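Same chain, two partners: chain A is paired with chain B first, then with chain C.
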Partner chain A sequence: MPPVAFSGDLKEWVQNTINCHKVMVFSKTTCPFCAKVKELLQSLKVEYYALELDQISNGSDVQQQLLELSGQRTVPNVFINGKHLGGCDATIQANTEGRLLKMINGEEEEYDYDLVVIGGGSGGLACSKAAADLGKRVAVLDFVKPSPQGTTWGLGGTCVNVGCIPKKLMHQAALLGHSLEDAKNYGWQLQEETAKHNWEKMKDSVQDHIGSLNWGYRVQLRDKTVQYLNAYGTFVDQHKIKATNKRGKVTEVTSANFVIATGGRPRIPDIPGAKEFGISSDDLFSLPYCPGKTLVIGASYVALECAGFLAGLGLDVTLMVRSILLRGFDQQMAEKIGDYMENHGVKFLRQYVPLKVERLQEGTPGLLKVTAKPTSGAESDSITGEYNTVLFAVGRDACTENIGLDNIGVRYNTKNGKLFATNEQTNISNVYAIGDVLDEKPELTPVAIQAGKLLAERLFNGSTKQVDYTNVATTVFTPLEYGCIGLAEEDAIAQFGQDNLEVYHTNFQPLEYTVAHREENVCYGKLICLKTDNQRVIGFHVLGPNAGEITQGYALAMKLGATKDDFDNTIGIHPTCSEVFTTLSVTKSSGGDVKAAGC
Partner chain B sequence: MVTKLHVEGYDAFKETVPKIEEFDKSGKPVFVLFCGSPDKEGHNWCPDCVAAAPVVEKGLEGAPEDAVFVHVGVGERNTWKDPNCSFRTDPTLRLTSVPTLLKWGTPQKLGDSECSKQDLVDMLLQDD
Partner chain C sequence: MSQAAVHRLLSGVRCLRKTPQMFGTNPLFAAQQRWLTFNVQDEKDFKDRVLENDKPVLVDFTASWCGPCKILGPRLETIVAGYKGRVELAKVDIDEHQDLAIKFGISSVPTVIGMVKGEKKSQFVGVTEDDLIEAFIEKLLPPS
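Presenting the complex of A and B:
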C-alpha cells in the first residue's frame, strides 16, 4: 500500500485537495455510508473526487487532519466548494432539501449559522433562544470589555450584571433601612438604637444571585443548543464576523442573518482624573469595599437611583447636576423626586460641572479631591470637595464603535452612534438591531426582550407582529419610586396644546406612613387627559412606594385606550396607594388643593 | 485521574465538608452529586438519579485531571421528602431536588432532569 503522494505539510496538502475539487469525498472502500454518498452523487451526475483512505498507508493521519479542519474524523466526509458539508446524513439531507445541487453550483452560500446575535444581554438572549426554539442554528457572542477600573462580569448583559437587578436589590437594602425606623413605631424593639449596614455582606449576597443568573443563562443556551461564544465580534462583511476571544484567538463565523444587540456602557467625561479615579455603575455593584462619602455626578435616572440607595444605606452622598434632573421625564415629577431626596440626606450641587478629579490618598476607599465650576460661571468661581468615591452617571454610549459597522455600511446616527432601523432592520437587509443600540427607542430591558422575540418570530416563523413602542411603562427606583406611562406633561402640552388637556392630580398619604409618622405630601399622582379624545388618558405619573407595582397594571389600561371615565368607573382596592387613580377629582386648571386628606 | 468519594447521609456529608473545603482551597475543582440512596436490593427510588448516573460518569471522563467528585446519598425517599430534611434546610446547601449536581463554591448547579443531559453535565464538569 503506497502512501499518498505529497510533499510538505500534510495539513496543507489536505486543505489543497479539498480546495482543488468542487466536490470532495473522503471515503473508505469498505464503508457502506461512503458508498451511499458516492451513489447519490453519481445519480445526480455530479463530478466528484473520492480519496479512499483505506487504500493509502497514512489514511489515519489524514483523518486526524480532517478532524482539525472540520471537527469530523469519520468518513464519509464531504466538502463542497471548499466548505465542509458533513457525513452521509448531512449530504442526503442537503439533497432532500434541494440545497445540495445549489451548493455544488455555487448558487447558495452555506453559512455556519442561520442567526448570529452579537451581544448576550436581555435582548440578544431572548432573540437567540426564540430562534433556536424555531429550530434555527444560532450563536450568541458576548464579550465584556473591562471597565476603566477593570470590572467585568458574566453572561446576561447590563440589566442582570450592572443594571436593573443589582440596582433594585440595593434599593431594597436601602428601603429596609428606612423600614427599620418605621418598625419602632409598629412595636418592634430593636437591639440597638441605630442599625448598622455591612456593604460587603450586601455586595456578596447580590453578586451571588447574579452569579446564579449568569450560570442559568448558560444552561438555557446550552439546553437550546445555542452556541455561546465568549468572544468579541466585528463585522468583516455582510455575512461574516471575526470573533476574538479573551486570549486573542480569532475565528471567523458566517451567518445568513445578524442581530446587533451590543447595548451601551456608561460614559466617563473627558476630564483629568475621571477615568483613573472615578467609577461608574459598571463598578459600583461589585465594589469590594464600602464607597464611603460619595459624589455622584449626573442627573440621569442611574445617578438618582445610585445616589438614592447609597444615602439610604447611611452614606454621605452629594449629587452634582449640570442642569435639570431626569431629562426627558416629566419635570414636575423629577423636581418632586429631587425634593424628596434632598429631604432624605442627599446633598445637591446644582448647576455645577466637574473639572478634574485628583487623588489625595490611595485606599479602599481612598480620598479624592473634585474641582467643579458653576455651569454658567468662570473657572475662577470653582469649588472643591473631598470624597472617598466619585461615581459618574452622566449618560450611556451605545457600543457600536468597534464592531466593524463601517466595513458593511450600516447607517447610524453620527451624534450618538445609535443605529437607524425600521422594524429593527438596518439598511443592510440581513443585519438587524435591538435594544439600547437603536436610535430613538427606549433603553429598557423588557423592550429589548420583546423586540428580540418578535424579530425571531418574523424572521423564522412567518410572523408579521411588530413591537408597539408606545405607552411603554417604566419606573425609576429612587428612594420614593416614580412610575410613568405615556407622555410627560410638557410633551403632552407641546403635542396637543394646553387647552386640549385636563390634568387630574393629587397628593396621597400611604396608610403605612401614618403610624410611622413619615412626612405628608410627598407622594403624588397625576393623570393627563386629552379633552378632544373623550378624556383619554395619555400620561400616567405616580410618585410613591412600590410605584413599579402600581404602574404595570395601568399600562394595560392605557394600551386599551382607557379614558378618565374608565378610571372613575374602576373601583379601588382599599387601603392602597394605587386606589387614588380611581378617585381623582381635582384638576390642575381649577387650582384646587391637593394636599393629602385623611382616610 | 478524578478522585472519587462516596458518603451516605447528612452527618457523613457534614463530616466530609472540611475535606471538600480543603480541596477547594487548594484549587481543585470539587463536584458534588446528591442522589437518592438505593435500598438493600440495590433499587433506587429516584428515577432521575438513576438516569443521571451514567451521564455524570461519562462527563467525569472529560473533567479536569485534579477534580474531586463527591457522590452523596441523601437517604431513603421518606427521609428526602420530609420538608425538614437536613439537606433541604442546611443554609449553605438548601437543596430542592435530587439529583443535584453542583460545582462547590460556585453558583453552578444542575437539578432534576438537567443532570441527565450530557451537554449540560459536560458544561458543568468540563468547562473552565
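Presenting the complex of A and C:
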C-alpha cells in the first residue's frame, strides 16, 4: 500500500487537499457510513473528491491531522468549500435541512452571529467571552423577569445577584456577630454588651458590591466585543431567535449556534398567599427592611443557608421542613448541620407542609399568618404561626418555559423542564446548553463556567476536552460550613456495598474554639474509602469553619485518585482544622470513639 | 427658603433629577442656571446639554454603588461652581445610562471627561486633588 504522495508537512498537505476540493470526503472503503455519504452526494449529482484512508499506508497519520484540524478523527469527515461539516449524521442533517446544497453552491446563509448565548449568568458570560476570544461574532441576551415581589437585578445571573455572592457576604455578616462574642474571650472590650446589627447597612454594602460586579461584567463584554442585548430571547427556528426588550420592542437575531444558559428561579408553592405575601432568595438579599421574625420553608441548601445567616444576625428564625434536610447530600452530615443550627437559635418545624399564608398587617415588614399541617397528617391537625416574613426555598425551576423550545424541538425532561444534552449539546445539533438548565448536572456556578469555556473551545478551536462532572467539590455555607467532594456515604454504599467500604471519621475541635469556649464535638470530618481499589478516597466530608477553603484543595487530590495512604503520607499544617484529614485513624466499622481530644 | 437651602444652592450641591423644569420658573434658580450642575436624563439630554454646549463641560460618570464617587462628586460641584458658569458639570449615572457609559469607554468610576464643543479633550479616573481638578478645568477653558 503506498503512502499519499506529498512533499513537506503532512498537516499542510491535508489542509491543501481540503481547500482544493469543493466537496472533500475523507473516507474508508470498508465504512458503511462513508458509503452512505458518498451515495447521498452522488444522488445530489454533486462532484466530490474522496480520499480512502484505508487504501494508503499513512491513513492513520492523516486521521491524526484531521483530528487537529477539525476535532474529528473518525470517517467520514466531510469538508465543504474548506469548511468542516462533520460526519455522516451532520451531512445527512444538513441535507434534510436544505443547507447542504446551499453550502456547496456557496449560498450558505450568513447569520448575524457565530454564537448567541441566551442568559448572562456565570456560564453564559464565560462561554461568550471565550468564543469572542477566538475571534467569533458573539451576542449575549440577558433579561431578568421581576420576581412576584417585583425584584430585578443586573447582568451576571443568579450567583452574582441573588445567589453565591450575597449569601456568602451575609453569611460573613452572621459569622462576624459570632466572632464578636469570641472576641471578649480574647480580651477585646466591646463598648456595648450586645452588638446590634443594622440590616439596611449590610444590604446596602452588599448591593453596592453587586452593582460594581454588574458593571464589571458589562465592561468585560464591551472589551471583548461581545454584543450585549438586554432582551428576552425566544426561539423562532433553529437559527433564529426573537429578542424582546423591556419596552416590548422585538428584533430578530440569527446565529449559526446557540447556547441556552437561562439558569433557574425559585419555585413558589401553589398555595394561597404564597406568591402574594411570601418572598424567595430572589428578594431577600435586596430586601429594603429587616425581615424580622422569619419562617423559612424548605430543606434545600438555600433554605438552610438563609435560615442560618438570618439567625446569626439575631433574628427569630423558624425552619419548616417537609421531610429530610439537604436531599442528595450525605444524610449524616445533613443531620449534623441541622443539630448545630437547632443549638444555635433556629427553631425547626419538622414534617410540616404549609397550607396557606395570610396577611394580618401590611408593613415593612408586615405580619403574616401561616397555616401548616403535618406532612402525613390531616388538615384538621394543622397549626398556625405568625411571622414578619415568609421565605420559600423549596427548590428551583429551570427557566426553559417560554423560550420557544417547542418551536425547534429541543428535548427536555417534562418533570422539571431541564434539558437533555450530551456533552452540552441538545438533540438539535447547533443548540447547546450549559449550567443550571442541564438535566442531572450539578447546579453550581463554577461547573457552568467550566462547561461554557470548554464548549467554546470545542466549537471554535478544535478542542475535544469535555467537562469532568465527577468529584466536583462544593460547600454549603450554613453557620457551620459543610464541604464535600464525591459520594455521600449512602450513595457509596448503594454503589459499592457496605463491605467494600471503609469510612474513617473524627470529630475535631478548632483551636480557635477553645479560648472562645465554644461547644465541643460539633466539627466533624470523614473519608469514605473504597477497599477494593487500594482504599481510594471516593467521598470527602467536612463540617467546620472555613469548610469551603478546606475542601477545594482536597478536590485536586481526589481528581488525581488519592488513596487513604496518600492522605496519611501527607504531613499536616499545625494548628489547622484541615490537618485532621492527614491523621484519620478511627473507622466507623471499629465503632471507636471520635470525640475530640486535646492536641 | 431657609438659609441652609440657599447655602446649598450657592455651593452647588443639589440634585436636579426629579424636577429640572422648576429652574426655569424660579428666578433664584434661573440665576444659578448659568453655572449649572445637572444630571443627564437621557441620550437626547446628553446631546443637547453636553455635546451641543457652547461651554466646556465636565462629564462625571458616576454610580450609586461607588464610594469614591460620593467623595469626588460634591467636590467637583464646589469647584465648578467657583468658575461661575464658565464650565458646566454633567453627571451621568452609568447604571441608568449604561449605553452612554459604554460608548464613552468607561471602565471604572468615577471617570471625569472634559468635553469641549462635543469633543472629548481629556479625562481622569478616581478621586483627584482639588488643584489637579482645577488645572484640568483650566486646560478646557478658551484662552482669555
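Everything that follows uses one rule, which is that the second predicted complex is superposed on the first by the 493 of 599 C-alpha atoms of A that agree within 3 Å, B and C clash if a C-alpha of one lies under 4 Å from a C-alpha of the other, contacts with A are read in each partner's own complex, and residues count from 1 in each chain.
Here is the rule we use: a contact is a pair of C-beta atoms (placed from the backbone, for glycine too) under 8 Å apart; a residue touches a chain by one contact, two chains touch by 3 or more.
Bear in mind the structure is a predicted one, so any value in this text is a computation, not a measurement.
Chemist: Looking at the superposed three-chain arrangement on chain A, would you call chain B and chain C a clash or a fit?
Modeler: clash
Chemist: Once the structures are superposed on A, label A:Trp188 by its partner contacts, choosing first (chain B), second (chain C), both or neither.
Modeler: A:Trp188 contacts neither chain B nor chain C.
Chemist: Per the contact definition in the header, classify A:Tyr469: touching chain B only (first), chain C only (second), both, or neither.
Modeler: A:Tyr469: touches no partner chain.
Chemist: Looking at the overlay, does A:Arg218 come into contact with chain B only (first), chain C only (second), both, or neither?
Modeler: Both partners, chain B and chain C.
Chemist: Looking at A:Asp208 after the superposition, I want to know if it touches chain B, chain C, both of them or none. Which is it: first, second, both, neither?
Modeler: A:Asp208: touches chain B and chain C.
Chemist: Considering only the contact definition stated at the top, list the common interface residues of chain A for chain B and chain C.
Modeler: Touching chain B and chain C on chain A: residues 208, 211-212, 214-215, 218-219, 222-223.
Chemist: So in the complex, the part of chain A that touches chain B is made up of which residues?
Modeler: Where chain A meets chain B, its residues are 208, 211-212, 214-215, 218-219, 222-223, 225.
Chemist: In the complex of these two chains, what residues of chain B are touching chain A?
Modeler: 106-110, 114, 117, 119-120, 123
Chemist: Of all residues in chain C, which touch chain A in the complex?
Modeler: 63-67, 94-95, 98, 102, 105-107, 109
Chemist: Show which residues of chain A lie in contact with chain C when the two form their complex.
Modeler: 154, 207-212, 214-215, 218-219, 222-223
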